[in-house]
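A short worksheet on the structure shown next.
Per-chain residue numbering starts at 1, and chain names A, B, C and D are given in the order in which the chains are listed.
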Amino acid sequence: MENKNTLPKWKNRLHEIIFEADTSAGKIFDVVLIVSILISVIIVMLDSVKSVSNEYTDLIFYSEWFFTILFSIEYFLRILIVDRPVKYIFSFYGIVDFISVVPTYLSLFFPGGQYFIVIRILRVLRIFRILKFAKYIKEASHLRVALIASRRKIVVFLFVVLSVVLIVGSSMYLIEGEENGFTSIPRSIYWAIVTLTTVGYGDISPQTGLGQAIASMIMILGYGIIAVPTGIVTAEISRTNISSVSTQVCKACSKEGHDADAVYCKYCGAKL
Amino acid sequence: MENKNTLPKWKNRLHEIIFEADTSAGKIFDVVLIVSILISVIIVMLDSVKSVSNEYTDLIFYSEWFFTILFSIEYFLRILIVDRPVKYIFSFYGIVDFISVVPTYLSLFFPGGQYFIVIRILRVLRIFRILKFAKYIKEASHLRVALIASRRKIVVFLFVVLSVVLIVGSSMYLIEGEENGFTSIPRSIYWAIVTLTTVGYGDISPQTGLGQAIASMIMILGYGIIAVPTGIVTAEISRTNISSVSTQVCKACSKEGHDADAVYCKYCGAKL
Amino acid sequence: MENKNTLPKWKNRLHEIIFEADTSAGKIFDVVLIVSILISVIIVMLDSVKSVSNEYTDLIFYSEWFFTILFSIEYFLRILIVDRPVKYIFSFYGIVDFISVVPTYLSLFFPGGQYFIVIRILRVLRIFRILKFAKYIKEASHLRVALIASRRKIVVFLFVVLSVVLIVGSSMYLIEGEENGFTSIPRSIYWAIVTLTTVGYGDISPQTGLGQAIASMIMILGYGIIAVPTGIVTAEISRTNISSVSTQVCKACSKEGHDADAVYCKYCGAKL
Amino acid sequence: MENKNTLPKWKNRLHEIIFEADTSAGKIFDVVLIVSILISVIIVMLDSVKSVSNEYTDLIFYSEWFFTILFSIEYFLRILIVDRPVKYIFSFYGIVDFISVVPTYLSLFFPGGQYFIVIRILRVLRIFRILKFAKYIKEASHLRVALIASRRKIVVFLFVVLSVVLIVGSSMYLIEGEENGFTSIPRSIYWAIVTLTTVGYGDISPQTGLGQAIASMIMILGYGIIAVPTGIVTAEISRTNISSVSTQVCKACSKEGHDADAVYCKYCGAKL
């Protein structure tokens, strides 16, 4: 706090506008930023549609550069203003800000046709900027806590799903064979995932009786085991709703996991 | 109340029949109304089936006008009877009542072929009338409360889903390319939504190995993250269910866990 | 009880074997019955497979008659033995027992080709017999209670789903038109159901940009609102797990809904 | 314990390394084992891809034998070291260890082309080895408990699903008939499972109006009843979560809601 007050006044003011959303100027800045990001993303999307890009080549080209330069200025302002520039640059948002600006510049130095297309995938990453939006919605952290708390159960679940998919995929490769579209084990595993997750494209589908029987079993399994991740996450969200566990640490015994309403440490009896 | 009694008696009576469902006359009116709406909707549907509309052109035409006039009379009666007509007209049901009547009249003034088809889509909106039915089922509000309480979490969830779909869709456009059906980023995003939601039409499906690997990941992701909205809504419905247990303690026996509507202690019989 | 003891001894014994599963003879009878039903169902299924039915025409024919006569004898024994035959005949299981026997006899009197196929659908109803099996699994009633308790919420949910499907289906008929497979409103509604429920056959799929945009919205909606029935049923099962509400009625005030551990009526304070 | 100490020292040491993961040597052994299993599984998968197996025939052949011999040595070491070899051999992991080694040897004695393919399916079972990994993740047992507790409800649910699929499948065989792809009852049942589980390949899809109406109903049913297994598992997981809150009451301040692992009252600091 003390440190901040020694900054020049304009820096302080800019910091408020760019990094915070408490003042009305700060709020307007954030809204303009988000709208700009959305427009630039839509332009990238339209650029890929043949009929649109042929007609508005110039408009798309210039607006793309307009937003890239705008975001570049914003990026350098952030580095200039923030207290610890290095920390910002290597933070999640710092990296995202950088990646969302770079692709357009890269397309200058590598003007070759096929390369240009590869660069475009990086340009799409500008979408990540928008993820900042999430920080304004506090509920996101609630969900994150529930997901983190149930991460180990989810890993076990994913492991079981992958094992099932591996075994069923391999079996189907042998049962159905190449003449029915199951041309290799990886492709059969792809089919098994398409089936277990109930996506069911139908680009590959079992033709033999035995294959259809096994497919039926994996479908019912997939239909049933979706209950497991749902159960895990639901139970976790319910728990966080009911008792909000605080992040307090006992000064006497350093143990965590105290309830929000706890006054004394439940492990050693010391006052929290 | 006072105000209502100053109305002419027939107006009061009609108000009871049309707007309320407490008297038997009011109940009969509502049932007849709902049945009429259902029949008129079925007629609109059958009108679109070539073989049916060719054979029963006249029957469909006259019954359509019969119901339109019936609902028009009902609409004007409602305006005439209600205490504050302007408030009714601009209320949700007032607007729905109006929209459900207009299309057939519009088809008179715009008799051109292609326009007629465009008008038909408005005619379908008559279906909205039926939504009134929902108000008779009190449970709907219970669900609405749970959904409203979890709206912020759902927005965060939808935002994450849209980000994933945008990034994956763009990547697939570059990986699979136009020769495999991913002709533009919007179309690739459409494919990503079809896949993530486990719909899986199969009209567009990845052909390259890398594309199938990414598709597999988004399928498992989509299969897993359905747990999140389910968890949110379930936790909310559970909470509304549980909150009906009061935190009252019996003064006589100090026992807890009484229902919110309890008047006497269920353990010792003392008044709460 | 008194009544039963006046029955002849053999009747009492047979009643035990056929209707109850407490004695070992009764248990063996039930197991044999279920296995017979399963075999007869498998025979009906195999009968429909061309290659199998051509080779084993006689075997299938005789075994079909064998099981039909077996089940007929069982049906008449049940009527003979039970205390109130009329009540049994018109009970759920009585009707199922009758329907599962009739089709084979009907195929005698109506030997015409096309009729025979129509009769076969009735023959399939023998499968209903197997539903008896459920009564041996007590947990079924637990699920039934949870489903009945949430039936009103489920009706509201189904109503919303049907409204959405009706409106979206009609809109898509106008947007996509007959050239893209949306040949009538009922067929478009069929497509909307296929999409909303995330089945996604792909036999009909939107081709226009606007159609794909609307399809995307209905997919995300369908993907999200599955949370609602899941939430309803989960909350209900959780509640039944936690507090088993007894079916006691207060003798003083005739009110219901007392908890299983209640000693006094929570409404009037009278002893239960 | 006493018994173990009488073993030769090297046996004791090897037992620690191979069977336990407490020492750093034991941990390294487990990681190396898991990585080896993963590599050998990937080799089996790549072997099935024509383009890869043609180019690297020798590399795949030798590495397959390398891993088989490695796992064989490990298998015999386990039998040698373990206290009760017979118990290990017939335990789950013992059988999995054996099955994961056998297929490559079998391919020696049965060199015929078509047999070789059949043997390959057994070779794939080596994947089962990896299931050991699960024992390192304690959460798996939490999930297993929840699933075992709800197994009876799940059986009832599966029974209802199979009955629905049987009846609908048979009906569709009669309604749609062979000209629309419903060539036999088993195939129609396969279609019903594909539809009810919302997989929806689209390889078979109803063409008649009545067929599409029934398909719509089974889709909505399938979309809705997924709530049931989800509800069952969620309620069970929630219960196991909640049960970790003890019913202890503090003797000093009479407050409840202490966690199962609490030693001191979190409200007043008194010893529980």
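As a convention for this text, a residue touches a chain if its C-beta (ideal position, glycine included) is under 8 Å from a C-beta of that chain, and two chains touch if they have at least 3 such contacts.
Predicted model only: the values in this text are computed from it and were never measured.
In terms of C-beta pairs in contact, the better-connected of the chain pairs B-D and C-D is C-D. Residue numbering shows that chain B and chain C use the same positions for less than half of their mutual interface.
When the contact pairs of A-B are matched by residue number against A-D, B-D or A-C, over half are shared only with A-D. Chain B and chain C have Cα centroids lying 28 Å from one another.
Chain D has its Cα centroid 40 Å from the Cα centroid of chain B. Centroids built from CA atoms put chain D at 30 Å from chain C. Annotation for chain D: residues 157, 186, 189, 198-202, 222, 226, 230, 232, 234, 238 touch two or more other chains.
Partner chain C is touched in their complex by these residues of chain B: 41, 44-50, 117-118, 120-121, 124-125, 127-128, 130-131, 133-134, 137-140, 142-143, 146-147, 154, 157-158, 161, 186-187, 189-190, 193-194, 196-203, 222, 226, 229-230, 232-234, 236-238, 241-242, 257-259, 261-271. Residue ranges of chain C in contact with chain B, taken from their complex: 152-153, 155-157, 159-160, 163, 166-167, 170-171, 173-174, 183-186, 189, 195, 198-202, 205, 209, 212-213, 215-216, 219-220, 222-224, 226-228, 230-232, 234-235, 238-239, 257-259, 261-271. In the complex of the two chains, the chain D residues touching chain B come out as 198-202, 230, 234.
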